[in-house]
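Across the two complexes that follow, subunit A remains constant while its partner is subunit B and subsequently subunit C.
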Partner chain A sequence: MIQGRIQNFLVIGFVALFFVYLFGPLIVMGLTAFNTSGFPRVSPWECFTVEWFDVLMEDTRLVTGVRNSLLIGIGVVILAVPIGLAGALMLMQIGPRLRPWLYTVTIAPILVPGVVLGISTLLFWDRIGLMFGAGEDTIFYDGIFLTIVGQATFISAYAMLIFIARLQRFDPALEEAALDLGASHTQTFRKILLPFLRPAIGSAAVLAFLASFENYNTTIFTIVSSSTLTTVLASKVRYGIDPSISALAVSIVFLTLVGAVLYEISKRRETRRARAQMAVARGEATEVKKQRPFLTEPAFILFVLIVVAGLGTVYFSGTVGVEECKIIVKEQRQAEIKRKVERRQQQQMFQSAVDAQSESSSDQEETQEDSKVTAKGTEGYQSVFSPGNLQGEVETEAEEEEPVKGTEGYLNVFSPGNLVNPSSDEPDEEKPVKGTEGYQNVFAPENLTDQVPAENSGN
Partner chain B sequence: MSFSNYWRAFFQKNGAALALFLIIAVGMWLFMMIILPQLFMLDFSIRANVPPPKFGTEEHYYTLEHYKYMIFGSAQSTDSFNIIDVTVFFRTIGAAIFVTLIDVALCYPIAYYLAHVATGGWSRLMVLSLIVPFWINEILRAFAFKIIFGSTGVINNFLVSIGILDQPYDFIRNDIALWAGLSYAFILLMIFPIFNAIESLDKNQIEAARDLGAPWWRIHWRIVVPHAKPGISSGCTMVFMLTAGALAAPQILGGPSSLWFTQIIYQGFNQAGNWARGSAYAIILLVSCIVLVLVMMKIAKVKFGEMMK
Partner chain C sequence: MSADVKLESVWIRFGDFIAARDVNLHIKGGEFFTILGPSGCGKTTLLRAVSGFLTPSEGSVLIGGENMAGIGPNRRPTALIFQNLALFPLMTIWENITFSLEVNGVRKAQRKKRADELLELIALPGQGEKMVSELSGGQKQRVAIARALCAQPEVLLLDEPLSALDLKLRQHMRTELRSIQQQVGITFIYITHDQGEALTMSDHVAVMREGIIEQVSDGTTIYDEPDTAFVASFVGENNRFAGKVANVTDGIAQVSTPEGSIRARCSKNPDSNVKTGDDVYVFVRPESLRFVSGNSIDNQMKASVYHEEFEGNMWQVFLDISSTRKRVKMSYVNDGSIRSQSGEKDLPVGFSSDAAIVLPQGPLAAE
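Now for the complex of A and B:
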């Protein structure tokens, strides 16, 4: 009994952990889209913001990439869905000896590495273009055309699998009946088979579009000199990441969720309608209730309201008070840095006391001398840090950064042990230093004397 | 004669328009998109590397130099083998096998749970939530892993704050982020084949074994796993092939010192500009993956036909 309970507990724990693995990364990434921190992270949490979505919209390379991706997606749907349908129909009719061969060859592109498909497509059309003596600006060298063809190679196989699954439930007697009643082959296909396959065509089109939209391995070879969403994203992610990419992920997840909910609503309507028709057929009801137009469907209206309200709340709380919050965070950072500075200064005073003793007896170390010189230099910067220069102006930030970087160094200078530059591997480690208001008194000459601790404790 | 009969029957059954459409569409797919491009790539890989204007001339002779290069390196180098490329190749294959094993270990229990333990709405919800992460772009998924495994990522912050680690552990350099990201990417492709196979198992068999006193691990080993073998093999095949051929995840999550074989192919094309060598490497990848899968199927005694169901 107890063993059974432990087993149960383990199973549930495993399932729970599995779903943490499944969703954890996505949730963390989603949260980073709303943090003001310049490096995508959740902790330390700074301020809630939607500014990264604006950054996203201003990225023209990305916008072009999305446009190309949409274009390619539509092209792939147009090419792959008919091919998949033809493949499935062919497979149903072909003799039993040929069938496994055809099946294997058409399914193979799913398993062949995308890289290989991309390369072979590129080379093939390159050679064909050469044979026709076509120039560089013809379709054979057009990235978008090549990508559509390359992706359709394996996406057609996806579509084919969907059609096969649906065709297995098709009753051929329907077709025969239509033919017996004098319909032509084309009519039978259009009036019997196509309506039966309509749901499968819909899912195949959606799947084809999604598969095309997120493909990278094939696209990176066939796209040549243009770009798609995935290639732009990949280069962005490889060379420095920022939360606007998370913002993009959030948008994509949001759009797909909306799509899924709408699909669900329309599917429910469809089943309800089918059930009503069945009822009529059985004689239990006399008429199919007229369906309300989609736009006045209560579920749809509720959904739209929730979405609008949710977006509004997020947008409002993400834009109002962000600047204030940033300032608060900045101040907190500064306070923290100030504490560090104080600690260092105390160390440094201790050090200088020791130095004073050694100075009388021996030569100063070279490094010590250097540091003295630079320390003198800092006095010149003081005006830079006067509050008037800083008042929340963005343009000055860039300028600030230079001297401030230096200041970090100056603080260390005084304790020779710290001379090793605390180079940080993350670029935004420097950010907290941007707000320099807190430093003014640090650089006042009198700080260097014994009064400092007293004054600081007064603050 | 029988062949033309065959065609006549085909045209009669479908009507001229539809028959023509079927033949053109399938023919285009088979030859223009699948078979000929692969053959062209093969042809390209066994020719000398010359710029396009010289294609088909004397200088575009047949040679195996690119395959030789993969194994022995350039003629100038002093090493007896092309250590970098060969190492990367075997490391990629090894890592792909490792990722496949992780996925089996992760997905078999979940698939079993879905098929035989979870019920009704709960199992539907689970299936739905399995699909959700795969709506998201492969690159964004890799990006998510880069965020959580970074040196100031959630995992490092957590481990440092509760005192397990003194300082952040470099998950990216040690390939842990890469393995986690790759296993994550293909979970769905492993779960569904196994799920389909396990679902068709008669529950009474499990009940009978339990009544006869078999412990749970023996039930799995003797009844469930043999029954699910075709599903497990087809899941493994897909995950292995796609992992070995992955490009985005290794580019984003790979450490600075670890390359994936596809990255070498990519470099051959985009940086070295040696398309012939790039296609030779692509052929090597394709052929060795297929051979490995076939050998594994032979060892596991799985037939291709039952796997494809």
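Now for the complex of A and C:
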């Protein structure tokens, strides 16, 4: 009993862990697309926004890349699916002695590294181009054409495998029956085999498109001077990313989900229909009810409503009040920095007060007490101006995480030169806390921008 | 609208394997002709040669007097009903039935009209819009027949179409097939390994063994006058006694067997004649064996009852011949005259010489 419970617990734990492993990164990435933070991250959460989708749409390199990827994907589908179909048909008809050889030849491109395929495609068409004396602006050097051809070499093999799987379930008697009833070979192919293969054609097309869309190692060679989504992303990662990439990923995941749900709905319709037909065949029902059109299917309507409502909610909450939220976040951050600075300052003052006291033996005991009590007060500042403090070493702001150590270095902010700086540089700044005026330059805009990577690397 | 089919010296070889050896058949127009044989005897191969899916290695196929060499299955006046029916699963019933019209470019309205007529013929009116998967086994069967008939063939070829059905339905479909054949009046060539189907439906039956046609005749002749030991052992049940011919007089052979001397009639077919000294088999049907009293019958022997089966209308009795322990089977109608004989020893059993046939030894059907 207890053992069983432990076992259950372990199984559930394992499954949970598995799903976290599987979907954790995806969820984190999805969230980063909606955070205003300039670097894709979830924590600290700033404001919910959809602005990265705008940024994405304005990124012309990325948009061109996506467009090229789509073009290439469609091209690969058009090229690879018929080749795969032809290969599969050939394999099913050829004699058993030749079949393993042909199979090996057609499957080989899957086993060859994509890099090799890319380079060989590039070289091959370059030779062909040279043979015809074609220039650099002809099709032989066109990245999109080369990529379609290069990817199709191995994607058609994928398509072929799908077709073979389907064809193995084809009853050749159906073809013979059609021929026997007077159909020509073309009619038999068109009316019998093709309808049977339709689901496989769909799967092969989807698979070919996805394989093409995500391909990198062949594409990077064959794309020449153009770019696809994958090559743009790769170069972006190299030069620093922003959440618009997450936004792109979210869009792709969303579209995939929509496709999957629609597919599932239509599949369930099919199953329902098949079950009804079985019932009729067994004599349990008299007829199969006519199914309503797909567009009025309750599940479909519900799904569309959910999608529309979800998109609307996300758009609304991601656009309204974002600017206000940003200002608040900015203020909070400034306040945070201010607090840190203040704390450091106080510690520093306390330190110098102690120093001063130990230096002047003439001071009364009650002052010592006072300085302890008023450590947070401004009175302690007096001692900052003691000549001894000026001798402190200079420290950089980056080390503000360790406030105690080396705080004396801040004293030089009171050097006369600093007073020349007009405090009107920062108009949106609120009245600083009394006694901190000297620290104005801490809030200079440059500091704020520095803050992001510095903090990040600190974490 | 019915054509005769002639196979002239047809040989079909697959590498070293010979599926048909020198087959000569003449199937008359409008008859129900059955090719009967155990599985693997080459009967389906023969049918495929007639329908055009297969070219004979030698010899020729003539349909309606016309040589079919070089004419594809889609241009022959035949229609084939497949063993698994091969209905098109992605089409409705009426589309299935009128497929032959569709490929010839007949308009939809006309096709629907024809489909309705045929659905009437196969007693499935108003079911045209259903899918194939919505039909039961027997209904599918009839749709397959309608689809073949829609092509208006002169010869309908049926490749064990009833084998997938259960017994009850099979018996029902036998009569139905026969009546459809008589209605449309075209030549049916029917392939089966089920002798019951062959004998009940056919005008003529050809018995086939390993690519050879052993005998062509009507059902009763096949049963009563088998030409070869194979036909005798394959069609119906037979008790077999092996022996040597002692002498032959007036069509009655005296055969010496371990069970004693047996008198049996010779085959009427001159090819199956026997002469003194030949190794032969004597075949006796279980229903020809009976309990005897006195010397009323030519062949008598003593036997003990080994096992009895009561089938209601029939008794099936398994006997051991006393002299050699040879097992024989006897069946008789339960008319109330004989009760259970269980455990009886050394009963006199016998059969008349007219009911036993003597044939040259040769290959037998697998038990």
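Keep this in mind: the second predicted complex is superposed on the first by the 308 of 459 C-alpha atoms of A that agree within 3 Å, B and C clash if a C-alpha of one lies under 4 Å from a C-alpha of the other, contacts with A are read in each partner's own complex, and residues count from 1 in each chain.
Please note the rule applied: contacts are C-beta pairs under 8 Å (C-beta built on N, C-alpha and C of every residue); 3 or more make two chains touch, one makes a residue touch a chain.
Not measured: the values here are computed from a predicted model.
Participant: Go through the superposed model and pick first if A:274 touches only subunit B, second if only subunit C, both, or neither.
Facilitator: Touch status of A:274: second partner only.
Participant: Name the chain, either subunit B or subunit C, that contacts more residues of subunit A.
Facilitator: So, of the two partners, B touches more residues of subunit A.
Participant: Please work out whether A:181 is in contact with subunit B alone, subunit C alone, both, or neither, and reply first, second, both or neither.
Facilitator: The second partner, subunit C, only.
Participant: Would you check which partner chain A:239 touches, where first means subunit B only, second means subunit C only, and both and neither mean what they say?
Facilitator: After superposing on A, A:239 lies clear of both subunit B and subunit C.
Participant: Identify the partner contact of A:130: answer first if only subunit B is touched, second if only subunit C is, both if each is, neither if none is.
Facilitator: First partner only.
Participant: Counting only touches as set out at the top, which of subunit B and subunit C does A:103 meet: first, second, both, neither?
Facilitator: first
Participant: Could you look at A:252 and tell me whether it touches subunit B, subunit C, both or neither (first, second, both, neither)?
Facilitator: Only subunit B; A:252 stays clear of subunit C.
Participant: Of the residues on subunit A, which ones does subunit B touch that subunit C also touches?
Facilitator: Subunit A residues touching both partners: 184.
Participant: Please output the residues of subunit C touching subunit A within their complex, sorted ascending.
Facilitator: Touching subunit A: residues 51-53, 72-75, 78-80, 82-84, 86-88, 90, 99-100, 102-104, 130-131, 133-136, 147-148, 151 of subunit C.
Participant: Going by the contact rule at the top, pick out the subunit A residues touching subunit C in the complex.
Facilitator: 171, 173-174, 176-184, 187, 191-192, 195-196, 274, 277-278, 280-283, 287-288
Participant: What residues of subunit B sit close enough to touch subunit A in their complex?
Facilitator: Per the touch definition, subunit B meets subunit A at residues 6, 10, 13-18, 21-22, 25-26, 28-30, 32-38, 40-41, 44, 52, 55, 106, 109-110, 113, 117, 129-130, 133, 135-148, 150-154, 157, 184, 187, 216, 237-238, 241-242, 244-248, 251-252, 262, 265-266, 269, 275, 278-279, 282-283, 285-286, 289, 304-305, 308.
Participant: Given the complex with subunit B, which residues does subunit A contribute to the contact?
Facilitator: 7, 11, 14-15, 18-19, 21-26, 28-29, 32, 39-43, 82-83, 85-87, 89-90, 93, 95, 100, 102-117, 119-121, 123-124, 126-127, 130, 149, 152-153, 156, 184-186, 188-189, 210, 213-214, 216-217, 220-221, 229-230, 233-234, 237-238, 241, 245-246, 248-249, 252-253, 256, 425-426
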